[in-house]
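Two complexes follow with chain A in common, the first pairing it with chain B and the second with chain C.
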Partner chain A sequence: MRVAVDGREVEVATGATLLEAVRAVGADVPTLCFDERQMPFGACRICLVGVAGAPGPLPACTTPCREGMVIDTHDATSRRVATAIVELVLSELPVAPAAHTELARVAASLEVGEPRWRGATHPSDHDERHPYLAFQHELCISCARCVRACDEVQGAFALTATGRGFTANIAVGLDAGFLESTCVSCGACADSCPTDAITEITLLSL
Partner chain B sequence: MSEDERFDSTVSTTCGYCGVGCRLEAHTRDGRVVSISPAHDGPANEGHTCLKGRFAHQFTRSRERLTTPLIRDGEGFRRASWDEAVALIVSELTRIKTTHGPDAIAGLASSRATNEDCYAMQRLIRAAIGTNNIDNCSRVCHSPTSFAMRRSFGLSGATGSFSDIDHADAAIIIGANPTEAHPVVGARIKQATLRGMRLVTIDPRQTELADYSVLHLAPRPGTNAAVVLGLAHVLVRDDLIDTNFIDQRTEGYDTLIELLHAYEPDAVESITGVAAERIEAAAHVYGEAEDACLLWGLGVTEHKYGSEVVQLICNLALLTGKVGRTGSALLPLRGQNNVQGSSDMGALPDTYTSYRSVEDDEVAASFEAAWGVPLSRRKGLKINEMFDAAVAGELKAMWIFGEDVAQTDPNVAHVTHALESLEFLVCQEIFENATSAFADVILPASAFLEKAGTFTNAERRFQLVAPAIDPPGEAKTDFEIITTISRALGHEMGWSTSAEVMNEIAALTPQYAGVSHERIGRKGLQWPVAADGTDSPMLYEHEFTLPGGRARLAALPYKPPGDAADDEFPLILITGRRLQHYNAGTMTRRTLNLELQDSDWLEIHPADAARLWIKTGDHVSIRSRVGRIETVARVTERIEPGHVFTAFHFPEIRTNLLVGSSVDVNTGCPEYKVVAVDVRPVSEEAARTPALAGI
Partner chain C sequence: MSRNLVELVRRTHAQRAPTALEVLKAALEDHGEITDEDRREAARISGLPEAAVYGVSTFYDDLAVPRGARHVRVCTGTACFAATADAHVSALRDGFGLDLGERREDGSLSLAETVCLGFCHSSPAVRDGDLIDAGEGVVERALSGALRAAREPDWRSLLEPAILTRPGDWSGLRAALATHTPESLLGEVKAASVRGRGGAGFPAGEKWSFARGAPGAEKFIVANGDEGDPGSYIDKQLMERNPALVLEGMALAGYAVGAEHGFVLTRSEYPLSKPALEQAARQAREQGLLGDDIRGSGFSFDVTVLEGAGSYVVGEETALLACIEGLRGTVSARPPFPAVSGLFGLPTVVNNVETLANIPFVARAGADAYAALSPGASSGSKLVCFNERFANPGVYEVRFGTSLRELCEDVAGGVRDGLALKALQIGGPLGGILPASLLDTTFDFDQLAAVGCMVGHGGIVGFDERTDMRELARHLLHFGAAESCGKCFPCRIGLRRAHEMFADGRAVERARLEELLEALEVGSLCAHGGGMPAPIRSLLAHFPDELGLT
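So, the complex of A and B:
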């Protein structure tokens, strides 16, 4: 089928997502919960785009293309909502994300600086009992990329989303750390994490 | 340069652990590898890797690394300059060659090293020394696979790619534990089962993948042939075969049918211990699938008739026409990073590159023309024959590169005797090990993160290896060591980079005609590679690489293994890998993987444990016909009664002291997987001092 992205027409396969169409024409929208190695999840709402005729912005990663769709990656409402979401996400973190993280890059691309809202931030909660993997729970934004990496890429099923609202976070096993879980130390979670909530011990000091 | 502010550089390379061939990004800071992440465009790993590839790089900066050449000095070693070490090697090899002839010298290339290193090593042994006494450690793992696939199909390699697993409706895995030994492929198989692929596991152990299978068959060790013949019997009996495919593309069907009559499920049950109805059900899972893959590991090959069982596995695909198309592939799980390549490169006593016989005058003449020296037409010695010849006093010198034969080869007492019998032994290593203790010269070499070249993974894919860091101290790359010594021996190889070696390989090998480092790029090339660079992700779509284009169905009966349980040795020991460690443990035991697993154990079934008054944590003695070791027991129902299992990663346990001299009838691959043992509790702390039988 054919769709148009920012005025450029492109042929996509049946079942292709808006994000695939966007990337097929060489355009880009920022993503945060998306990882090409995993099934689209649609949790973060950063990849919103405008679609002609749609009542509001649509998430590009989970919305399938339809014949003749007209997609606008510069849609003002979509960018405004995405920017506000990133600002809210940042406002919960006790420190700004490190420059190399995906969250920092997304914030930079949306020109989000210091969040305007200063409320409660997540308390520091570090787990460095594993020889390689460190979990800094206060940096978790509940995008569930680690959970999906563990389930869909490795198949170790060691990670689980826990809590609700402000206390939402990720638990390893029965919340007793990597070593006491079904973790096989493959590191797929750390590789996917966009904030360094899960990272390598050796990288903490760099 | 690196895009990430934490790193000085990021280098794309290929993992040096198992044969999966994960593409990695190695990140460095201040001349050290500080992190490794998976390359998202890696064709075999697709953005994933395991705890070995990702984390176990700390060994590269171990203080125990060899940093200067060492020369024997009485009972120990002294540091020496490269000039002195090279001069000694040249004078000793020259003396032995003059006195005893070139066949008194042998070399071992390494399946851990690059294609270019292995090619250089076989050229040195053939051209600079003048003998075909060159072999590599694939001898002790997948040489039966290589032999059998050449017999059945024509080429020595997987028929497809790991991506075929994603397209298969069913799969049979025999004698392999990929979630531990090949974790990235293991994860891929597991995901496929979660999506509905019907998996059959055949293994004496209840492996992790057995939990995800629709059917798990646990045959007695050494009876794989009967199981596979039973599957073939049911495929034929229940008309699950593809008669068109058999008629048009195979030969030997009538002979096979006669043989298969005897392998009724009931008969197979009495040989293997696998219930007849489970044999029937497994055959139906495979036969009824539209597309299905066959995978196997060392549980198939490391047997007296391993090379025959691989041919019988090939039969299953031929009978059902499940080969040469997407989703229907035969995928041997190669053990080491370059097990495929080291043999492809001709580091074998009977073949040049791409398995062309040293007895073939035309082939030998092409190498003579390229190298400018006359070459021997006589086959050389296999690894096990080298040790026999050393003990017999016929082999005087060995050059062993990247293999700890005194820990990993079977019948360690015999290997040790052989090493002691040599007049001159050169070891080229990154660490001192059990083998280098017998060396006259130890050369400090480089790890995979320190060198350039290519590895060929289990999918026949050439992939680039690039140095992320420098070798420590005065250590050199294997390429530099081999070419330097060859030059000193009077044979100038004429290369300055590994890319030039590959150009020579391509020029002399029609199957790799289009291979170059530039063409390999980030995506690799799967051989055969035509001169225009077209590669071959899938083999045998239209014809097999055998005379007439037809595959050969093998009519080979079941024969009992080389060892059997008896009154004195009532249990059968199987050995294998654990997730956290890799082979001799040389690398992984020098990383924090040791924190994840710091010792080994013997797995034993509760029924056997109760009879022997053994419980988890007890120290036990394991005695075979040739040796005795001690370790700690772990009682588990994941192994069948009558069988015990342990790994071989820990030198203080030295599992291979127990393994005897039984080898595969065609290839000399040792029978690691069937060792009759006697297990009993020992009251005190394990001695950790291995003892030999009769001592």
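So, the complex of A and C:
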């Protein structure tokens, strides 16, 4: 089927998402919970785009293309809301994310300034019991990329989302650390993490 | 939702093993808290990974709070707020010397918050074990350990004859099996324009068509009895006083869609709902109205009744299915829609219990008779309920197209104690707030939408003249933040920030608040984050001077 992205027409396969169409024409929208190795999740909501005829912005990663769709990645409401959401994400961290992280790069690309809404941040909670994998829970933004890497890519099922609402986070096994879980130390979680909440210690110490 | 976990759950279900959530709930009932040993056992029995079970055990309110020998739960729903401005909560905290969520060191007593117990006709409500007391003096009775069962509300129809309060007698199913093919029953339900009664108002016949047309031999009917709206006790009364009508509606849905099994999910806050439905199902089986080859028709249908564990968002259909599967009750992006990939990944119709209770009449009397119930308005009838602030609170079956003034003044008798009505919240926490000046608005889907409100699920909470509207905003946003499932970012963080803006006593910067509300409305994954701004928008529109804005 054919769709148009920012005025450029493109042929996409049946079932393709708006995000795939956007990337197929060389355009882009920011993402945080998306990892192309995993099923779309639809949690971060910053990939919003405008679609002609739709009542409001739609998430590009989970919305399938339909014949003749007209997609606008510069839609003002979409970009305004995406910026607000990234501000909210920065406001939940007790420290700014390291400059090389995906979160910091997304924030820079959206020119996100000082968050307009300040409040509680995640309490500091470091787990360094594993020789190669470190977990800084306060940097977790609950994108669940680590959980999905462990489930969909590695098949180890060592990770889970925990809690709900603002206190949501990630736990390993029964929350007793990587070594006490079904973790196989593959590092797929750290590789996918957009904030360095999970890191490989060897890389850090280089 | 993880396809792998759903597949594991499907295999467990096929072996008729309990879900992880069921095992954890049983452990909690047995010894008052969930240990790692319980989690390992739940993983072993359910076939889920240990980490996934840990995630489940930290999601639901019931599982997260340790229980003492005596476990007291105080209702913090909106009707209780309207009654006491939360004075009952502080009185119990002070009286017991415990904060919400705490247990005495000796294990004798624990205190927790619960939203809501569905005794909104007699607020405030307190639960001790499975005993629920409500109304004047309840705090003193709770503190002295002398709670008694609260009286049940009025439950009656203003229609003659009654449709939804008429005890279910399975005549709709008998009529359908005698006169309808599945296709013609589906056509009748579509012609009747039965709109969903759970909040979204989606046409039931459309949903059924999608599921009927979805590929797959095995399909399910799911009745959503997770009536989480604070201030609503409609489904509670329906499930407890007329369970057969709900089950009959499910069987009819099964007949039309081609499903042989249904699930009802009730709330743990309503301890009487599951037993009432199970008893009605047993009686129906004895009469050959549920089970194999019903009345020699070749149509087989049976039901399983399950109970949740404390989560508002589980009322959202994808979260509801996750809860039935025993997983974390978080929302999943659609598509796929449940009609195509629902319970265990199979085609599933999810209808509110009241929606299903409408179907027997349609099957028996036809679409025209159904439309005629509310002349010149939406088809069918609606159950509404009123909170304790009214002189005659209760559940009433009414016609669409009635004015809210008639409902509040003639049916519910106006505000009690000679106080003036200040505002109404209609249809649950995601519904707008209607100032008393707009009381002549018609109770119907479109007219309410035009004033920023909704039929929603039909709960009508009245606030009297003494209500502090800034406190109401704080109350609603506390609920919104506490019940966010935590999956999508705008809701997870945004509702917390919105609550913080009202909770710290400082002036609220209006522009900054409205920018936050837009992010919630536009960005949220489901109606929880998307809808929580609606009552705040109403308060901004109608009561700006009371909110402490700058």
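Rule of thumb we're sticking to: the second predicted complex is superposed on the first by the 201 of 206 C-alpha atoms of A that agree within 3 Å, B and C clash if a C-alpha of one lies under 4 Å from a C-alpha of the other, contacts with A are read in each partner's own complex, and residues count from 1 in each chain.
The definition used in the following text is that a contact is a pair of C-beta atoms (placed from the backbone, for glycine too) under 8 Å apart; a residue touches a chain by one contact, two chains touch by 3 or more.
The shown structure was predicted, so the numbers you read here are calculated from the model rather than taken from an experiment.
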Mind checking the superposed model to see whether chain B and chain C fit together on chain A or clash?
-> fit
Have a look at where A:F41 lands relative to chain B and chain C in the superposition and call it first, second, both or neither.
-> second
State whether A:W117 touches chain B only (first), chain C only (second), both chains, or neither.
-> second
Could you tell me if A:A52 is touching chain B, chain C, both of them or neither one (first, second, both, neither)?
-> neither
For A:A108, is the partner it touches chain B (first), chain C (second), both, or none of the two (neither)?
-> neither
Please indicate which partner A:A76 is in contact with in the superposed arrangement: first for chain B, second for chain C, both, or neither.
-> neither
Once both structures sit on top of one another, what is the angle chain B-chain A-chain C taken between CA centres, to the nearest 10 degrees?
-> 120
Using the superposition on chain A described above, determine whether A:V95 touches chain B (first), chain C (second), both, or neither.
-> neither
In the superposed arrangement, does A:E152 touch chain B (first), chain C (second), both or neither?
-> both
According to the contact criterion defined above, which of chain B and chain C contacts more residues of chain A?
-> C
Answer with first, second, both or neither: which of chain B and chain C does A:A168 touch in the superposed model?
-> second
Please state the minimum Cα-Cα separation between chain B and chain C in the superposed model, rounded to the nearest whole Å.
-> 6
So the chain A residues that chain B and chain C both touch are 152, 155
Given the complex with chain B, which residues does chain A contribute to the contact?
-> 36-37, 99-100, 131-132, 152-155, 179, 184-188, 191, 200, 202-203, 206
Residue set of chain C touching chain A in the complex reads 2-5, 36, 39-40, 49-52, 54-55, 58-59, 311, 328, 330, 332-333, 335, 481-490, 492-497, 500-501, 512, 515-516, 518-519, 522-525
What does chain A use to touch chain C in their complex?
-> 32-33, 39-46, 48, 56-57, 59, 62, 64, 77-78, 80-82, 84-85, 88-89, 91-92, 116-120, 141-142, 144, 147-148, 151-152, 155, 157-168, 171-176, 181-182
Chain A contact footprint on chain B (complex, rising order) = 3-7, 29, 34-35, 37-38, 40, 46-51, 54-55, 179, 183, 187, 190-191, 194, 579-580, 592-593, 595-596
